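Okay, so chain A shows up in both of these, paired with chain B first and chain C after.
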Partner chain A sequence: MAAIELPTWAALAPALILAATALVLFLIDSIESEPDTTSPVLLTAVGLAGALGALAFNVWYLIADTGQNAPIELFGGQLMVDGMTLVLGTIVASVLALVVLASYDYIADDPYQAEYFSLLFLAATGMTLLGSVDSFVTAFLALELSSLPSYALVAYLKDNQGSVEAGLKYFLIGALSSAIFAYGISLIYGATGSLQFDAVAAAVDPTALPGILGVGIVMVAGGVAFKTAIVPFHFWAPEAYEGAPTPISAFLSSASKAAGFILAFRIFTTAFPIEAVATTIDWLVLFQALAVVTMVLGNFAAATQESVKRMLAYSSIGHAGYVLIALAALTPTANADLVLGAGMLHLLVYGFMNTGAFLFVGLAEYWDVGRTFEDYNGLAQEAPIASVAMTIFLFSLAGLPVGAGFLSKYVLFGAAVGAGLWWLAAVGAIASALSLFYYARVVKALWIEEPSQDFEIDTYPVGLYAAIIVAAVVTVLLLPGFGLVSEDAIAAAGALL
Partner chain B sequence: MSNPWIAIGALALVGVLIPLGMMSVSALLRPSVPEDSKRASYESGEVPTGNTRIRFNIQYYMVALLFVVFDIETVLIFPWTVIYGDAVDAVGLGPALLPMVAFIGILAVGLAWAWRNGAVRWIRSPRAQQELTE
Partner chain C sequence: MVGVVHYLVLSAAVFAIGVFGVMARSNALMFLMSVELMLNAANINLVAFSLHYGNLTGQVFALLVMALAAAEVAIGLGIILVLDRNFGDIDVTVPTTMRR
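Take a look at the complex of A and B:
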């Protein structure tokens, strides 16, 4: 199938392109004549080119079956490229392209734009690499590469108290969870004498040092839970998402979450397969409990919010609970390919619909509409196209069949039922029904309520509008196109097991 | 057939009892001479001025960060130079040289950016300047 023979290192092309783009942006910022005079159009164009280039390589490799029959190993097995790497790369690059496009308008008046974009690309490089890690060392490095720029990006509006506070909280909790993750890795190394994922799985001996191994596994799970904002490591998420510049909230809640989950899928299927570690610690039970708590807590907390952005932040925690079903339902009776594939599909669809919803909030902030549900009253009269897109995102997030969110949730819950965990699917369905209530509040405010204020909308920002419309179109198109992508995702999951 | 942990427990017990015993015995025996200079913080014999809550110039951190750049560079370049000759013989010039060129290139981009954006320009603190002239 390979029409062109590329060297093996070219399998990392998506990550390499993102890293190179970050360096080019730094260079542009270094050679400008006066500080902060580079035109935002140039920066956005370079960023968009980098993101679309990475996306093109990912899609090309997915179509050309690169590494999907046998994973491509690089650097002595420290990194690998397989189907799941490419699925994650596609999610990250698509979200990145949307965020770059939207940032053009959102940060138009702010200083340090070149730094903003290059930090964005460094974080995206880390997230893309998280999909291709094959040992705990590279996993930790990629996790840090994606986290450290994120802390700075959350605090980007450095004259805004909320942004700085969010950045500090995110940094402190992130540093704590990195420490927990690193300590967990050291315990696992102590128990198994290895850091490669498959070597760890081979060396797991439930009779020798079961306590150390068990604590190590729980600590690694904790580190991953932080990255994906799973209860009980979720409390940074509402603060960080609310305080951060909205495109960054969109990026963190979609791409960063997807990267964390793909890492979790890789670690818990390759390094700690349940049949090997079940007697030490049964992580199925752990993840089942966490999934239920996360779904319930995320959705109930979202229902009580007054600010739309904070509601989306809590709903993003709820969605982490849905995706966690993919790990929790890997029971021996389950169709494991389908379960994991469904998790990846939900991450993909969620990447578009959640990014779109956050970007609409960014659009509202751009117009100084306000933060609460009431402030959005009657906005549809002023911005009908964006409001249609927002309605699609919200109903798709709730799981109504206007967008692909319906299908990915259906497959996910169906896979859980197939694994014998009907109660987990039932909790998910009830949580989804509850989520419809608070998503519908936004839709009602947009379309039905009378405006409570005079909107002063004089410009319609091109970049934000384009990003929102592209996200909406993809969310809808994934509904008929679901069969195409699901084949790839389920095959990628199958290669893992 | 005694449990080996008994020895550990005994050691822990002795470890706690000895310092507690020494402190209580000296508390009973020593004379009480209250004096101000005993409570002052010790600054290598200097008379302490002000309290400990001083604000440092943020630029110290910039310099520290730039130092890390060179530090890491040195740590990685040193072993590379030691094996460079053998490596060229073993794998050829390109594979031995190019990774290090790429690595230093990335560092150089970072350093150039920091330099261009004034990270090494030492800004005088207006407050310190004012105190100096007063």
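Take a look at the complex of A and C:
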């Protein structure tokens, strides 16, 4: 039906474009006569073109139903492209475009900008590929491709103690969890003799070597839990998000988290379907427990923070708990398409509203406003447009119907109730109510409190402003447009099961 | 006769030594070496099971894990270098600027 016949490998175009952009950025930097003199405008323009190109391909493929009727398999079944791949690609490319735009102002005075942008694109390539992995080999490779540049990016401000400390902690826990992930894969290989997802599912034999398989599954879940900052592996998240350059915090907490979840959806529905492994290890119970602990701990810790950025970091852990409901509620009675689709939708909406909220913090850092709630007092008088956007992000994160966060949470909790897990939805709803308290503290500081300091705001950075406004507009537009995207997401989930 | 179970016990032992190193040592370089042990424990498993099942998947993946371990060390050493420049130490428990 397509007007243009593309070769099969073109299904990977979004990832290929991102990788090519990373290399082009390296090239531009290396042909400059003087080191580190590349124009930031050129770097940002190339980056933006790459990110939007990848986004365009993702959206085009989604509309043209590429791989959505039957997954496109590539490289002997190591990679595949289906609806979920494209949904993740859309999330990553959108967040990447916003982050590139915001970075133009945020790192304007820092050296090694070309390297910064290149690493950003390499990480984005890994995240996009995580959506199309079809074996544990490619899963491990894509996970590392997204993690390794991220470590360097978090420690990018290398004269800043906070940034270096954040990079160190992220790296230490990341290296540890990737070793655990690798060992888990080796045990699964030992139990099944294969690394392809579908071959693993076919070879799962609960009677032979149940111990090895069970430990392997738990270790793989641990590796994924690190990437998504789910509770036993969440320690790095507040430190890394607080110390990192703020656009990087936004990128990691939105795109990287989405990539980790999509990988989890893929592994636990394709390689370890619950009916095959239920007697070895019932991961439904595991994820239900983790979802409750993650939602409660993330939201309570967020409520006690003084720093706005750290509050957002903990709230990001809480949101990981909400999305985990999508896996925890895959009970036999559940409407599985709806449950998984709701998880993807929340990741999509979260990508915009959370990136926007972090970028507002980046804007405040750009103006040297300070980091606590009190420092934000009265900021709306100086920056009303950005403050309106921030208010939309925060209320949408809390689940009020000013942004699409309301609908995605509603569908998610509704799907959990439909799966017979009303208590899981109740915990989620209570956690959301609590989250309104600490999100509202920021809104109150912005609009109601009198300024506690004289702001020295003389410039309004174009890139940061544009990124924040675009994120806010999309967050609001997804409210009426929710039906449109939900169809694609639920269809993508349906193809998986 | 050395069977696949012996290799499994060996790899579990190597993995456990790695975990112990991660828990007990606060020197960042020791941490890197311990993680390396854990990755190599995975490699022992992969190669042993590859022989057991008679397919090459495990051996190829073991090669990839080695390459990735090298890449990870490269990034890690870079971060440890800036850690030393900023804090004058490579003890991972020293940097606590964010904890109040």
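Quick note on the criterion: the second predicted complex is superposed on the first by the 497 of 497 C-alpha atoms of A that agree within 3 Å, B and C clash if a C-alpha of one lies under 4 Å from a C-alpha of the other, contacts with A are read in each partner's own complex, and residues count from 1 in each chain.
The rule is simple: a residue touches a chain if its C-beta (ideal position, glycine included) is under 8 Å from a C-beta of that chain, and two chains touch if they have at least 3 such contacts.
The model shown is predicted, which means the values in this text are computed figures rather than measured ones.
When the shared chain is aligned, no partner comes close enough to touch A:T391: not chain B, not chain C. Once the two complexes are laid over each other on the shared chain, residue contacts for A:A179 go to chain C alone; chain B is not touched. Between chain B and chain C, it is C that contacts the larger number of residues in chain A.
Once the two complexes are laid over each other on the shared chain, residue contacts for A:L23 go to chain B alone; chain C is not touched. Using the contact criterion defined above for the overlaid structures, shared-chain residue A:T44 touches neither chain B nor chain C, since it reaches no partner. Shared interface residues of chain A (contacting chain B in one complex, chain C in the other): none. Those residues of chain C that touch chain A in the shared complex are 4, 8, 11, 15, 18, 22, 28, 31-32, 35, 38-39, 41-43, 45-46, 48-49, 52-53, 55, 57-58, 60-61, 64-65, 68, 71-72, 75-76, 78-80, 82-83, 85-87, 92, 95-98. Of all residues in chain A, those touching chain B in their complex are 23, 26-27, 29-31, 35. The touching residues of chain B, when paired with chain A in their complex, are 106, 109-110, 112-113, 115-118. On chain A, the positions that touch chain C within their shared complex are 136-137, 140-141, 144, 148, 151-152, 155, 158-159, 161-162, 164-169, 171-172, 175-176, 178-180, 182-183, 185-187, 189-190, 193-195, 212, 238-239, 242-243, 310.
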